[in-house]
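Below are two complexes that have chain A in common, paired first with chain B and then with chain C.
This part shows the complex of A and B:
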């Protein structure tokens, strides 16, 4: 052939840079909120992972000192009305909050994504039914919905951490579904989805191979933001007494339990409250920064 | 205007770079260009050569991530590059204006088109009162040949056709009587017939208003119709500048010769003076010397080292090539070595692969109630009957909206016919995709127009090609890897491309991957839906020659959809011409391209920008875009050879020219021949 294209190896100079290089580049250009939030999160995660090994007392041991003794070197945050060490309880509670938040929002995002993308791909009556249902759920205020679910689960399961995870997932899922559907509708328009359909691929295969990778930018951002909201919801549930059951050192629950002591020994209430606040602020800053990075890289590729 | 200066606009030794990650990529390297008052200059080059960047400098526009190292952009003695934003606002629109490529994105969809032009007039124009502005808009609309201006100013962009939208953007550019208009690929997004009308309009405006134009395009065929002078760019360098007449009769630079060779031609018999280009423009591997050296057939070792300066080879003819004197001779000897391409092989026997039997297609399926009241939905394609034989390439040609893609969709199973039946391999083909067998899904493969949209941006080439192999042949991973390498080789891509993502490929390479993906399924029918329309002419020529090879080697039948008769000329065995969902002519390729023509086929042929017919634009007629009413013959509204009322009342009959060539028209065949040869 006279029009043969001769391609030699030096044309590959612009070959893709490695993932590690790309990651380094992203971190170097990351926004300030991402770095500060990341630092706060690092401290929290460090406490959550290692805390149980160096906490001075067990979270449930009573009479480690006199009740309500205030701040001291033995008891950094004082003791509660049962003489439990508040510092140890706060440390022990860290991993509980983080695990509950992440697993709850992950489950919610996973459920919502699956349903939303399926809705976007199938359209028709399935889409109509799913969307009306989702709209009904969204119209219920999220706290009311959460309390309804806890009550519906009955006393047998109330106080179980698993129930809290399920409640968080269920509250988040409808909102994620709408978002995933919108992202999916954008992708479905593309010819590669039509090609996959013409190939006779099943709906799940199309969603997994064609829709999910292209909607993942939006969905990761959503996951990050939801993980930021989750501690608020879990803390609120705990405070209202619908979260995990009492001996657990969950921070919202602790605030609720100690709220009468705010005058007698303020540090007892302030410690879990400040921890919860710093976690929420850290998570929010970090996820917002992450969302910006992901949003930028999504835009960059287009 | 200062009459002492011979130039209206002048770009001097522009060096410009774009930020690319953390380094600067040189995009323009010492480019100079002059435009005289009232002159039309064509700026030609492939995608990525920097022609749009250069053209926009004349508007004082610089991309935020670009940097000008040196050079001046002078318009009427003002250096635009040194101006502040405020002073630029006084020049843009008033003295220089832009007509962008895609009118659908250039017009605000939520504003009436008249109001959008009024905005320009309020900002830059001399008209003050509302009446003056309205009168001016109507005058502009008349100038650009829009019918019913009083009515059209109140329309929204989506209520206009693509051609009308582009006329509106031209009217907008002309609003304040600029002395220079920069046209950035203004017809690339349009059909050939619409493109022809826009070009005619520009020629007419230019002779009437005396506006200078810079016409940016990748298509030399278009430039031949309109430009006085042509400037050819490659990788940020001007490689050749000459008067239009000279550049086509005596092209000197190898790149110009290649571009000319790439323009699709209607007449295959004519001796080609040059061969199409090979390879691609890659910024990452430019040599120190001549940027074209890696793709050039005439290089000597020093080309890669020595920087090429433009040399004046004749009066006002500049070439940046040290070997320009040898190019002509060497090309002649090389062309003789190339074996004559064999004529279209006659297919033996009548072995139908796809048969359309009285098929009608519609996007809305009639509901139960519609059936009760006898309502029939709007059909897009009416009563279509034809066959595609095994290994045959049938081209479907027509303007957008003629129903070509709808036919491809029906074959692929995306749109079941509302009447009639499609047979495949002698058996009825289920209308719905779900009803089709795995085998049928495999043997019918689709290639879309836009490779950006037909490849998953998150999947590597390996994934795109591997999936059909895994799905249809249940192959093992090791087998798939070797098959992918073979498939890439077949579309002339290196096998290392398997690891790339689509955004690391050029448009032409992406389309090759899309073709490879269709071919790995070993199809017996390829549906090519405008598969070449989104590509540069030079890339088009390469892929076309590749498809021709597949036709010979693999005996795959194709339904090749295009709006351009010139593109399908060398590939198709048979051509079917479609207008508004009705087939008007069908026959062997050689027969369709010779008289007698159907009036519409003739109009399509006339619209093809042909290098041979350069600057023969008739300036007297502006074809007003009329809606093609005609209940009987859909083309009656636009037909230049319309007979009379019978065209609008009685459906035209099929007339047999030869055994396989038929024309659907009221006129007698002899009459049609006579009209075409006049």
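This part shows the complex of A and C:
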């Protein structure tokens, strides 16, 4: 892409500048995709945070108007088969989807990082056991693994947003572990790690103080990338009936609930679909830009 | 092989922790304790878990996955026609996928940083970002509602003619091919550009070789190697995507059987399908490794 701009670090260090100035410079020189993606994400996050306060109706209130009414000023995206306001549901959905995605991927990356770095530091049988386990979990196609986990949790917990977060974390964690281990192995070889070890620091302290800061760039990109995958996984689970339960306004679930209504009122399907698509596109562009700024390449997987 | 065995343990354990046992699910809530006891005895549910595991896995090796709980027929018999359907769908999708990824990649790379490249890259970004279920929904709206030329569901039966079958799989094939091609295309374009910049290509051009010959004989084989790996990842996509696409278009295949079996907790079918899906993935990775060795003589010598 032609928008590739190398951030010259010498240039940044030329004059003593405030952090804010530096941030502004980075932003000004950042790749186009970072800015566009950032703008899309900003809109989404803004809707997610403030949406519940200004959405015209509650997500579950039925008969806010006649069912399956098309677009109008009272109901921007019309109403669904129960007369719920689709615009309000989509807005409330932003809140739900973003919270689920961020917490799921954060938990997954945190878990994977801890396990991966520990594995890289300790080596030996611990590393061996972890890697075997990771290999096994990665060999199960990720969607199949997610579906299996939801089923294994049983009917009591299925449909709970917490379960969705845990499933996302569990599916992501092995893949992050592998990455964090590889990043950790690069760092472990350095003398300062040996010195820290010889100083008698505990394993956790070495990992926290030496390994983590040095692997943080890779892990940051990974977190951004995972946050982009999470809405896809959550939406797919919802769409297949394995995600959060109705009447939660999760977009994937809404799309599957409204699929039969598409002839009567296409907007009820298009609205959540476009919201989901734009969120994912925004996140992907932003991640790619971020990776370029940090000088790392984005590995696309599954 | 070891990994596959580990996968089987994980799958078995996941099914094992589903609350409530198979006998209760089979007979329903108001079954008498005596009937439950008889059935448990007959299904060997009273045996310890490891004995049942050994029994199951030794059966699975010889192709005997037990009896489906919902239909009462052997799992192999239930799955065989579904697998056949899916294999056809997957093969066609794969055949369509190759030109879908190679042709735009070559055009984009040949016209680097020109309008053509930017257009292809933008469309590609959209395709990479959109999850299969969303793409399927968009295609459904486009071709079934806006231009009603294709059937909404692909419910083929044993009696369907080849022609009916071909029409029925157009939309599923398109969905899969686009989803898979998106990632490969981007990678192939970057690889091609890298290869175009290399000395041996300049050498070939200076020798006066025609542009087409340079492309086909030198550039493409060298750029294809790394793309093979992403093709293996695409098999993972294919397995996960099949689940979604078959569900969306009601195509009677392997993926839909997997989801349906999970929904009704038909455990022998779940165990068999998850194990088979993982097997496909593991072998695809192996095949990709072998394939890149064939294309890259340097790896062959190792």
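By definition in this document, the second predicted complex is superposed on the first by the 275 of 302 C-alpha atoms of A that agree within 3 Å, B and C clash if a C-alpha of one lies under 4 Å from a C-alpha of the other, contacts with A are read in each partner's own complex, and residues count from 1 in each chain.
In this text, contacts are C-beta pairs under 8 Å (C-beta built on N, C-alpha and C of every residue); 3 or more make two chains touch, one makes a residue touch a chain.
Here the structure is a predicted model, which is why all the values come from computation and not from measurement.
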* Now for A:255: first (chain B), second (chain C), both, or neither, which partner does it touch? -> second
* Which of the two partners, first being chain B and second being chain C, lies in contact with A:190: first, second, both, or neither? -> first
* In the superposed arrangement, which partner chain does A:210 touch: chain B (first), chain C (second), both, or neither? -> first
* To do: Tell me which partner A:198 touches in the superposition: chain B (first), chain C (second), both or neither.
  => first
* Identify which of chain B and chain C touches the larger number of residues of chain A. => C
* Would you check which partner chain A:137 touches, where first means chain B only, second means chain C only, and both and neither mean what they say? => second
* Asked: What is the shared patch of chain A, the residues that chain B and chain C both contact?
  -> 1-2, 301-302
* **Contact set on chain B toward chain A in their complex** => 21, 275-276, 278-280, 282, 284-285, 338, 412-414, 433, 436, 438, 441, 444-446, 448, 450, 453-459, 463-464, 467-468, 471-472, 492-494, 496, 499-501, 503-504, 517, 541-542, 545, 549
* **Residue ranges of chain A touching chain C (in the complex, touch as defined)** => 1-2, 132-133, 135-137, 139-144, 147-152, 154-156, 232, 235-236, 239-242, 252, 255, 259, 262-263, 266, 269-270, 273, 276-277, 280-281, 284-285, 300-302
* Structure fact -> Listed in rising order, the residues of chain A that touch chain B in the complex are 1-7, 9-16, 25, 189-192, 194-201, 209-210, 213-214, 216, 301-302
* Structure fact -> As the complex stands, chain C meets chain A at residues 2-4, 6-7, 9-11, 14-15, 17-20, 113, 118, 121, 125-126, 128-134, 137-138, 140-141, 145, 183, 186-187, 230, 233, 236-237, 239-240, 243-244, 247, 258-259, 262-263, 265, 270, 274, 277-278, 281-282
